[in-house]
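Each of the next two complexes has subunit A plus one other chain: subunit B in the first, subunit C in the second.
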Partner chain A sequence: MSGTNQNYLTHPKGIMSWLLTLDHKRIGLMYLFGGLFFFFIGGLLALGMRYALATPEADFVTNDQYNSMYTLHGAIMIFLFIIPAIPGALGNILLPLMLGAKDVAFPRLNLASFYLYTIGAIFFIYVMISGGVDTGWTFYTPYSTESHTNVMGTTMGVFIIGFSSILTGLNFIATVHKMRTPGLTWYKLPLFVWALYGTSLVQITATPVIAITMVLLMLERLLGIGIFDPALGGDPVLFQHFFWFYSHPAVYIMILPAFGIISEIIPVHSRKKVWGYKFIAYSTLSIAFIGFLVWGHHMFTSGQSVLSQIIFSFITYFVGIPTGVKIFSWMLTMYRGQVSFTPPMLYALSFLFLFTIGGLTGIFLGAVALDIHLHDTYFVVAHFHYVMQGGTIVAFLGGLHHWWPKSFGKMYNQTIANICAIGVFIGFNGTFFPQFLLGLRGMPRRYATYDALGSEELVAQYAATHGSSTFFSGILGLSIFIGVMNLLWSLRKSNKLDPGTNPWGALTMEWTHTTSPPHPHNFEEEPVLEHGPYDYDKVIVQPTLKK
Partner chain B sequence: MSEEHHITPLKTYLLVAGTLFFLTAVTVWASYIDLGSFNIVLALLIAGTKAGIVATFFMHLLWDDKKNATIFVGSLMFLAIFIGITMTDTEFRGAVNPEIKDPINKRAAFYNSLPLTDDHGYPLDKEKNHHEGDKDHH
Partner chain C sequence: MDRLTEYLFPKQVSSFAHDIDNLFYFIFYASIVLFLIVVIGMVYLAIKYRFKKGDDIRLTSSLDHNNTLEAMFFIIPLILVMITFVWGIKSYLDMITVPDGAIEIQVKGQKWAWIYDYPEGQNTMNELVVPMDTPIKVILSSTDVLHSFYIPVMRAKMDVLPNRYNVMWFDANQPGEYPIFCTEYCGTSHSGMIGKLTVLPKKAYEIWLAEAGSADDDLPLEELGEKLYTKKACNTCHTLDGTALVGPSYLETSQMWGQERVLDNGSSVVVDENYIRSSMLEPQTQIVAGYQNVMPTYQGLLNDRELDALIAFLKTLKEDSQI
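This part shows the complex of A and B:
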């Protein structure tokens, strides 16, 4: 091959060539490092809270500081890391490569999305240095119209990042429709592409609503118009409808790309054709749609009508069906495959385990009668960490390990990566499983202290459970940190892979048709499709890198 | 692959403009009739029709790639889902627990009409005030 020395990382050079780049891979990397930065900050806040909760009394932080910590932790993790990380980073890097395209459909718009993300992030940094914000990531009225903390800055940040999300979604939809290489029909698309497509649909349909909600909230704060304030004829529960009409679909913005990653990792590392391709593809779309009909399950104690309670509870159960379809398809894919325990696969396996627990406890919470007891307790905290961290972040780490050699042409130390993957699994369960128990015993979420919550015996029980949760959160934090450091350490100069390498023996186009790291224009000539993405029964590719 | 650009006859434009003016007049006229809560529904229906006409003719949805029309109709559908399901709450609040129904400012008055109670829900009559079992005042 000619010109294989040229790759997108080194060509062209210079800081401006990065800041003004229109290359989807570079934009993806900038999202990646931006996201990891905020993951780090959000993680520090989390460890701080766990430290404060190890004992029942207030020590280390004041109550106000604690309120600010959980709000910023949630808002940063969701809006600056989880939502943009997979589509913005892995999606950007991989989508055109998987389609055999030169770039996304609108490269300039893509850069604009990243700029908007950066501006939103600056707002968040401003909020952090101006004393924080204490409404919770949900900004419920009436408190959010009254709080003296920096609600305006945060909502502005969320508003702007929302537009970044919408533009990325729009771009990806156009890319999937228009940029596929000849012969790459819909049913030959890698499942990660289907997942990104479903995610993008949700992004462009749901995200405008959060933008409107934030504007209404700002108007209410600034001008005192009565949208949510009952004294002025408004309705505070309406805020929750607005918020969750976005934020429940948003949880699918968070999880669908993770599903996509798992659908890529499992067949490659089991050397087997994916089971139920169409099931997985269509369940993505049906989850995206059903996700719009269930938002009221977050409002079972808000005073909404009994009719709504019943409707939302009923529809919530339906979400379990397409989700179950996926889980079983993945398990059947592994069945009788040659499963190898590589770092991406270990993350994928722990995803299956953790996400299943998270999803099933979601069904518990979808039952009105049970949720009235469990709402706003640690049970909910455990549920959403099982799906968001155990699901999305674990899948993200798996994907990062899977495509790291593709993005950088470097292989990390796989033994350390495996140890960290196991550390994440143990640390995660140790941190969050006890929180289900805490919630069942009535421990409310968002409390800075719990010494006055009940009898001495109960407080002692809480303290023991919180204590072990805190202990394991240390293991979790350390495992993720070392895991990421292990990746970064692989970037040192002396470490190099052969550009033609296909370390896992994958069949999707980003591995078979271009170098690692890829050429600045992705493919030196228009790629010709020779086989489907998962034809391990027909084509034999050997992994080029043995452990 | 340039698509053929559709040229709309002037007559269509004038007809559409006429319809829009007419519907505006209907909106004004309808606002003078008291139809209760149906007033707002009617106003929205007329406004929605007008927006639809503008999109169909002036914005050429009728002659464009049908994907654009699909997106337009799809977004209306999402709006309908949002407003429709939210109304299963707002319209039926209080169907089972009447005290949830009234907005909070009226609710104060509603509670005023009830017998006063202490923090534990016991009536505040002098005679019954000190319950035997009620010993959890620390």
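This part shows the complex of A and C:
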């Protein structure tokens, strides 16, 4: 593609050129490795919990240690990995490339977001060292007002990371509006860009609410101002409203970017025009909007009014419909295509399977009468892991494999990657499917032990189901670990690709108009748009994988 | 279906449990159909249109929408979820409409036990006793943090709040003993906050109610104390074998009888009858060093004879351990 060998990874050199970089790709990589680090920590905590739950008694960790583990697992995975991982890492690296832009609209702000993320992360590390926090990632009052653990450090961390999220969202919105290369109209945008755009809208509108809520909680603990604690004249259910007003839209901050990745992977690896482009684009925006109106479905047992129950249940089903149509669109994209079973495609197919289960089990929980039984049981735990891990993290891994050669100019071992993708699929289902059964049978979540339930038969039943869940969690953990190691191993010096490589024959601009890894300024000249992102019916680009 | 229900669910004991399980099955079978369409469609398309070795890379079809098909994807799930929505609300209204003539029982949640107050003045801890075939209305409140009162066999659950009353009701169509769980995280021993629901035939319930509070008068003190140790939920936080949970083990306290115990404010106190008595009635005043101030008061929950009984029981532990 070009004669020069300059690429953003090696030019300029030196540690300071990374720490003070304004290059969106470098900032994206720093997010990526930060996110993977916390993914590892959160994963270890999860495996520790699974090990503890394999037996009913508290023989591996004490109750307090378990409570701290599940809190940190949830908080780290959500605030330090899932929320920043796709927009912060893949979004940062790809958005300007997909738009034909030199960088995001505000490069300095972008670096500031990353440092806010780092400061928030330091707070979390401090919390871990200082003995943990035991309130659950939901921080429900009045427990969080009186807990002796490090609630202050955690809420401060969440507060700071929130600003990182807001600034990234702001930056992306400005970038999509203002930085598109001439001729790149809205309907020619790759769907990943639409997804990031929808996500950013939610980030800038919802995140301030959690920030304020965290400040109020800190004020209550610090100064005894009664807002949520009834002993001080506050109302604990108010906290739940504030919390879920952010945290339900946050579900879409986590899943919409995953939808975007899947909308890229499937057309490329099926070499087929995406099915229902406009529908996918608009449904992203409508999901982002409706997502703000359903928070009460987290509170069906809180004693809110009957009218609220009815309205929240009703609207909840309207988020489900566009999501369902998206799944059919991705499936039909393969129709009359040329489907290759590459690692990204295996992750995408796995996503379709797992996310469909995650979505359908949401229908059970949206029905008020049934939710009363299932609320706060393992059914909910299984449901949101099917959405968050089976959905977002599987899509993230797929996206990572898809754009790895683009980001680094290196190709990983595809056979190992395929085996790991299948391992993740088997391990995931083995871990979380039994948890639906546990929930139906009434096993509550956030239980450190289950040895004293008053019925030996019940304890034995739960123990058998927990045992198999724990067994498969080992397979899941190992598959993800080897999968990521396989990626990292490809970074060794001897492994190099031709800079013009386009291993999947993709048509989006980051593949067709720049090198792998890209030039420090992305494009050597202003890119000229020759075709749409999914015009596999008009253009053939040969997949190239030259050493 | 019955065997599947037995496998998937706890027993159906309340009159609305059956309806809720049927709602589950409706969603379940509809979901299986939708799920199979997606998975079979996905596998079929992926295999049929797979790129084989030796195939030429070619231009593929420009087909990217079909309005009829998409309308169907929209309308069929919409109909299904609307049925689900209406059913869910209808059953929910049944679940919250308390029938006339219900027995009202006050339920108090506290870290980490349930306290029940019956209409005629009796009270129990952790064990809730109700008559069969009679609607029971429970009025829930908490003395500290949030809890949630969950009886799986009833399919009933309601959050327990410190600043307002929540109400739920159920009825029981068969006698037996069933677990009650706390399902809102409430701290260290959240998973130990387990209650027991005992359903008695109406006659047996009348007899139980008449005897509750007086039945144990003839027991020797040590035996009564041993019984109260589990009945009043002391066992949630205090073991008998020397391991420390949320509070110090009874065994340890027993072994320190007559000796001085260090408190968290640096002072110390002699372990004797008066110390144990005040630890039960005013637990906040003397916190053993290394433990947190979490024990609720037992004022009003233990009468004088019961206090004597628990003290007597605690004293015996030391001797038992020496044998």
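Just so it is clear, the second predicted complex is superposed on the first by the 538 of 547 C-alpha atoms of A that agree within 3 Å, B and C clash if a C-alpha of one lies under 4 Å from a C-alpha of the other, contacts with A are read in each partner's own complex, and residues count from 1 in each chain.
We take it that a contact is a pair of C-beta atoms (placed from the backbone, for glycine too) under 8 Å apart; a residue touches a chain by one contact, two chains touch by 3 or more.
Please read these numbers as outputs of a predicted model, since none were measured by experiment.
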item	value
Touching partner for A:Asp235 - first (subunit B), second (subunit C), both, neither	both
Partner chain(s) touched by A:Thr205 [first = subunit B, second = subunit C, both, neither]	first
Dominant toucher of subunit A (residue count), subunit B or subunit C	C
Partner chain in contact with A:Phe279 - subunit B first, subunit C second, else both or neither	second
Which of subunit B and subunit C A:Leu9 touches, first, second, both or neither	neither
First, second, both or neither for A:Ile311, with subunit B first and subunit C second	first
Touched partner set for A:Met218, first subunit B, second subunit C, both or neither	neither
Residues of subunit A at both interfaces, subunit B in one complex, subunit C in the other	230-231, 235, 237, 303, 306
Contact set on subunit B toward subunit A in their complex	74-75, 78, 81-82, 85-86, 88-97, 100, 103-105
Touch list for subunit A against partner subunit B, complex	205, 209, 230-231, 233, 235, 237-238, 241, 245, 292-293, 296, 303-308, 311
Partner subunit A, residues of subunit C touching it in the complex	8-10, 16, 19-20, 23-24, 27-28, 31, 34-35, 38-39, 41-42, 45-46, 49-51, 55, 57-65, 69-70, 73-74, 77-78, 81-82, 84-85, 87-96, 144-146, 148, 150, 152, 155-159, 161-164, 166, 177, 179, 181-192, 194, 196, 245, 292
Touching residues (chain side subunit A, partner subunit C) in the complex	63-64, 67, 134-136, 140, 142-143, 146-148, 230-231, 235-237, 270-277, 279, 301-303, 306, 309-310, 313-314, 317, 320-321, 324-325, 327-328, 331-332, 334-341, 349, 352-353, 356-357, 360-361, 363-364, 366-373, 375-377, 437, 440-442, 444-450, 452-455, 458, 505, 536-540, 542-543
